[in-house]
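Shared between the two complexes below is chain A, which has chain B as its partner in the first and chain C in the second.
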Partner chain A sequence: MIKNLIKTLQKSTKQSIDNKEIILDKDLPKNITALKEIYSYPDNTDVQFRSLHINGLDKTAMVVFISTITNTKIIDEHIVEPLLKNQLKDSRIENIITIQSYKKKNNMKDVLIDINTGNAALFIDGEDQAYLLNVTNFEGRGIEKPDNETVVKGPKEAFNEKAATNISLVRKRIKNEKLVIENITVSKRSKNEVYVAYIKDVANEHLLNNVKERLKALDVDAIQNLSLLEQYIEERKHSIFPTVLYTERPDRAVSFLEDGYIVLLMDNSPDSLVLPATFWSFFHSSEDHYLRLIYGNFTRILRMAALFITIFTSAIYVGVVTYHIEMVPPDLLLAITATREKVPFPAAIEVLLMEFAFELIREAGLRVPSPIGPTIGIVGALILGQAAVEANIVSPIVVIVVALSGLSSFAIGDISMNFTIRIIRFIFIIAASLFGIYGMTAVFTMGLFYMVSLKSFGIPYLSPLSPKYKSSKDTLFRRALQNEIFRPGYVKPKDMTKR
Partner chain B sequence: MGEPKDKIGIKEYTVIALLMIGTKTTDDIPAMLFDSLMNAGWTAPFIAGVIALVPLTLLLHLATKYKEKNLIDICYHLFGKFLGFIVLFILWLIGFVYIALDTATYTDIISTMYFVKTPSIIIYAVLMGVCAYGAKRGLEQIGSVSWAVYPYLQVSLLLTLILTLGQGKASFLFPIFGPGEWEVMKESMMNLSIYMDFLYLFILFPFVKSTTDFRKGTWIAFIVILFNLTITMVSYVMLFDFQTAMTLNYPYHEVIRSIRMGFLINLETFFFPFWLIATFIKFAAYLYINILLFGKLFNINHFEYIIPAFSTLIVFIGMIPETPTFSVHYFKEMVGNIASPMFFFLPILLWILAKIKGDLRT
Partner chain C sequence: MKILPSIGKILCLIMLIIILSGCWDKTEVEQLAYVVAIGLDKPEDEENLVEVSYIIANPEAGNQAGGASSDEPPQETISFTATDFVSSKSLANTVISKQITYDLLRFIIVSEDFAKDDDFIRWIYDATKAMEIRRDIRLMVTEEAPSTFIANNNPKLDTRPHKYFELIFRRGNDTGNIPPSRLDSFFRITEGDANVFLAIYGTTKKRQNNNNQEDPDDLLAGELEYTGVTNTTQFAGSAVFKEGKMIDKLTIEETRIAFLLSNELEQPTEILTALPDPFKDDHQLTTRISKEGNIDIRMKLNDQKPTINVTVPINMEILTNHGMTEFTEDNKKRETLEKSFEKTLNQKFEEFIKKTQEEYAAEPFGWSLEARKKFRTIPEYIEFDWMNTYPEMEINVNTKIELENFGRQSDLPDLNEMRD
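And now, the complex of A and B:
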């Protein structure tokens, strides 16, 4: 009996899928019954079937839409009202309704896609096609300031969760007909759409096809947003380094577009993905170019220093205290040993303990409800650190070292790179505790070998530093804008010069 | 992976050559030269360099003539299948033994100068582990890494030189020819093997973008190495005088222990990482070339898979000498005595054969 039940169930699912394949019929009630079945009407509360009679043509009609994602006011004023008031006998439907854009489809599948994306479908009795009218209105927030990539000087708009808004923000910056925004559906069930933006006469064809193929090859039911898509399309899932850049700033995305990169946008994602990405794109921030040359490079130096401090301070401390004491000037050495005298742990344990505590405070501070936020900071930083020193669990110099490296880690703005550096820091501490400077150098060299072998969509990770490519040499330092005349050669743009 | 897909450019090639040969000044080669030439030890790299011009020019001449062929193909072409194999096999063997001996030396440097308490087998294992990892990544990666770090390494060497020369005495250099002109000439000839690695670099010929790049790169590397070697040797004599320099096994590491800069008295831990990076890259390149040769000899297409096995083997071979500071030193001199004439006469022989075969006429 159960077998039979399963069989009927399977049959009904099969049928519902078959329904989507059907061609529309001239008979209105037949179409509507099919639609009602597909949408489980009336269980599905926000699907609306509004029937009406067009007086002039003497025909019945039906408007189908999902009320929560459509602009009902437009439906009232521009579809229902004109149709009802129409008295002319021989006017055509497209001349009666006063809506901006529409299209005709005779396939149930296409109709469903449109209704699901917030359009209204108009069925007329005696016609074997439906009018799909553009009345989409998804709810979302407005354009706000960027949260993660803040700048002092420069535009302060950020992407939001509506792809249409994001595209508009991009188009606002590139007023050129060569800016192409293609649309690819990447998931089977939820029909999530990805917008591929590129400049046609700049972006490399081969790269573009590579990206598009990778998007089309996806075989999943749903990909909600770009953060998830990033993990589907990146090359090395287990790599410690990120290979796709994630930015919430339209100006940053656009500057990459202009250099021949490809930008992905998506609904429900307050951000964009930039492909391909090199190490430098994670290291840079958009403000480096908004500030004057000297100031911009000053921040670059600071950031590089912060990067090295984050990775190496704790490890060097461990290495020096354990293996290379002779390196420290005698006075400082005496000071260090005096404070370490009462501490029962080896330096490595001490530092790992504090680093771990710092990471805990950081993670907890991120998840804590905002009213309690400051408390965590006070308890974590002040009381914990102070008490740990007084209880002789850690020495004061370790607190300084860990605080310095922790603080510096915030200078790397990109979330992914930030994680990379925080994790690498631990690897170096362990290497230093095992082999001192020797271990650190070994890990560093291996890391370099690993980094140069990484590729993001076929582009070497450290380019243009190594391997060398023709470019504006925007790596550690940037040059004056007048001298940045080349697009990065490693993305192989169709147009190499910027002027 | 197999053979490299992309070719390396002139920059990458040059710095690989620089790192492979230029680092010799920081191991026990200077000690070897000071042993026999006393205060004239510094002239040996220079004179040997001048002598090395002969085989080098001939090799470059051959390489430009046989455009598509590397050293291996040229050897097979000129010597025939059997003899070519034997010559190449000897080349490979010398290379392999030299890597084992050299890594043993470097391990000895690390364990006697910096990590006295750590068991040297662990140091050795880490060294070879990193080199094997680097070699397994491939030639392009070795080139890229070399290029990325080379400026910093050269600056660190330059800083050492400036500090050393500033604290040294120029009068220690005299008399220029130490034990006598003839002795200097003879010893320089015997130590021609310093530049032997250029021979191995010709295996990389087809993987460099163009013939001009290869030729230019080789000359640039040769000149820079010549000056690096000579000037550092001069600096050793100037700082220590030859009596001390003769007794030191690893002068570079004694130098960075002796110099001081302002309030920083012990600088060795500052220079050590730079030297280490150079070491890792050097042996990664050595290992790669050696195993490339091995793969070619025995027709192994995916030769990178034997890299881990070979590095393990090297660790065990290198660990055999019990007092590496002296025994490895001795073995190296022995290998050098075989390698030096080989480096000098092989290119000449190749060139003559090519001349006889009539390949050099175009």
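And now, the complex of A and C:
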């Protein structure tokens, strides 16, 4: 019975979608009735139907728009007023209204899309088409500083939730007619649109088609923003490594565009998706190139060191203390032993406990309302650090080890990669507590195998390091800008050289 | 019914196998007793047993971290009779509460009597069997029984035993008072059967210095006269091991000569010694001696009587000048000085080489390694029989001294003028 009910429900929804497949009629009242039914007028309060009489043509007309997402002032001044004041008998509608751009559609489905995106539809009695007039005005915030990918030196603009603004920020940086911004609707019900940006004479055709096909193949009712879209289009959904780069910096997105990558933009997303992504694109930050060569490479070294410290310090401590004490210099070993003398837990449990506590502080600090934020920091540092040591729950050396690995984990800026290494850290600690350094080596080797096997939109994850491609060798270190003459070969750009 | 278990179940099983197969040699650091030094001695009228002594470091000593600092002693010692120093680990646990580990073991202390025993080599080779024992630990010979040595050794400042031994041995090595004496070179030299091995010699007993009072360097451990409130232990000179058995002792001076004539031993950085002043008979000049690179060894082994010509390049600094002779500006005087030093050193070198040839019939310098290069095959070298040929060799030593500087201020006032 329930099955039947679901079936009928499905049928009705299907029907309501099918209703929109109407061809517009010459009879104005018929069109309006259909529209009013579709929009549940007058229950739907912000849908406006403004009927008027064009004196010159002696025709009734109807302007349909959603008042909350349109610029009503423009509707007044450039649509309603000219139409009402018109006295000429044989002028055409497009010559009466003084709006920037318009199009004509005779299909109800297309009309609805435009009304829903903030345009006004003008129906004239006796015409089987509607004029769709561009008066969109969505509310949103202005351009602000990036919150997550901050830099000291370099531009400080970030994407915001308006795709038009974001596209404008991109166009501001690439003043070239070959920059193409395509528009693909990816969801059935909410009609979310994705803007695919690429440079036509650089980006690889095959890669572009691959991306577009994947976007078109999506069969969902709604995809609100890019964070969700990322999960729909990525290849391995259960993989620990991210394969799509997510950046909120227009300068970063543009530098990828210029290298032949493809950038996705969307309304309601204060960010962009860069496809394909390699391990290095997560490891790098835009400031690496803004700083002078030596300074940039210095931060790269720091970041790589921080990456390994995060992954390995706690695990090495556990492994060495439980399996390889002969590796530790006598003074240090005796110091560790002395501090562990009164601690009731094995070293592995002790470290896991502290790592877990550290993750708790981080998560709580993120979710806590900002007025009580500082309290969490004090409680976390004081209770978990000082008091735990004094109560002999953990040894002071473990606090140092965990604090070091926790602190280092912040050096990786990308949020996805950050999660990756934080989770990997736990895998290594468990491997070290079961098998010592031997276990860590085994996990590391397997991890490398896995990373090498990964692909992002057909591009090997560790390229251009392995497999080797012609590129500017921007991996662990970067080279002087004059020497970075090649676009990355693995995205197979149409134009290999940058000069 | 499904025949194949789900992937989840398989993963669970694999996880269980991994967890079950892990942790088999897990130890917790605080549950171990760290033996820093092992003492070995021969108990009287017991043929197949050894007396094993342990110095066990207490990690808590002097440690302030983790709450209240403890006033526990820095070390704990124990001596008992066992069949060897491997099985003694479990025997010690009748008294010691924690599992005995040799991971921190840095020294093996052997009594002089035991080292002179024919059977000593049987016990010391146990160290090659035990997994935990490192090969770079040091071998030390004490005059008294190790148990007595351990009981009497009571450093006042560096109370933590591993630190004390490490510091005093490293410093002894730097000044050339004691040889490096690493266990792996003991095994290598014993098995190579061509040289003698020099081990550290130490004692807590005081002994009358029966050598001449003229040369204060010519002493052994226990012979330095000193007063004051400090440890009674002395490390000086070396014990000579031939074919895995101790045969003699060398004084500090002889140990330093062995250093200077060797390309194999790790060189001391600071040999400070006094040599006779050629200008004033009743005064001595303190010098800092260091070897300038490797010594040059020329061998003629094919002759009826094999000859070896050794050139020792030496850099010298003059640190004191009690004779107050002005030789910094005077080329001739400097030449006389060099000649005189060369003569003194040559004489000492020759005396010592003669002693090794006559008394030990083997050399501690590692020249046999140099000699191997002269042979095309190993059987040829074995047939030559270095150990037996060495005593008959003619060995000429030639010292080349280069005077480097004469202290921070090279000029000294003229005493005659000052006191006129």
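In this text, the second predicted complex is superposed on the first by the 481 of 499 C-alpha atoms of A that agree within 3 Å, B and C clash if a C-alpha of one lies under 4 Å from a C-alpha of the other, contacts with A are read in each partner's own complex, and residues count from 1 in each chain.
As a working rule, contacts are C-beta pairs under 8 Å (C-beta built on N, C-alpha and C of every residue); 3 or more make two chains touch, one makes a residue touch a chain.
Keep in mind the model is a prediction, meaning the values are calculated, not measured.
Legend: residue contacts after superposition of the two complexes on their common chain; A:L293 is shown touching neither chain B nor chain C. Legend: residue contacts after superposition of the two complexes on their common chain; A:V343 is shown touching chain C, with no touch to chain B.
By the touch criterion defined above, A:I437 lies against chain B but remains apart from chain C after alignment on the C-alpha atoms of chain A.
By the touch criterion defined above, A:I113 lies against neither chain B nor chain C after alignment on the C-alpha atoms of chain A. In the superposed model, A:Y323 makes contact with both chain B and chain C. Of the two partner chains, chain C is the only one touched by A:A335; chain B is not.
By the document's definition of touching, of the two partners only chain B reaches A:L462; chain C does not. Shared contact residues on chain A (touching chain B in one structure, chain C in the other): 323, 326, 435, 439.
Contact residues on chain A toward chain B in their complex (touch as defined above): 320, 323-324, 326-327, 329, 435-442, 444-446, 448-450, 452-453, 460, 462, 465-468.
Residues 6, 8-9, 11-12, 110, 114-115, 118, 123, 126-127, 129-130, 133-134, 137-138, 140-145, 147-149, 263-266, 268-270, 272-273, 276-277, 280-281, 284 of chain B are the ones that touch chain A when the two sit in their complex. The part of chain C that touches chain A in the complex is made up of residues 18-19, 22-23, 25-30, 32, 34, 36, 57, 59-60, 63, 65-67, 101, 103-104, 106, 132, 134, 160, 162-163, 166. Residues 321-323, 325-326, 330-331, 333-343, 346-347, 389-390, 392, 395-397, 433-435, 439 of chain A touch chain C in their complex.
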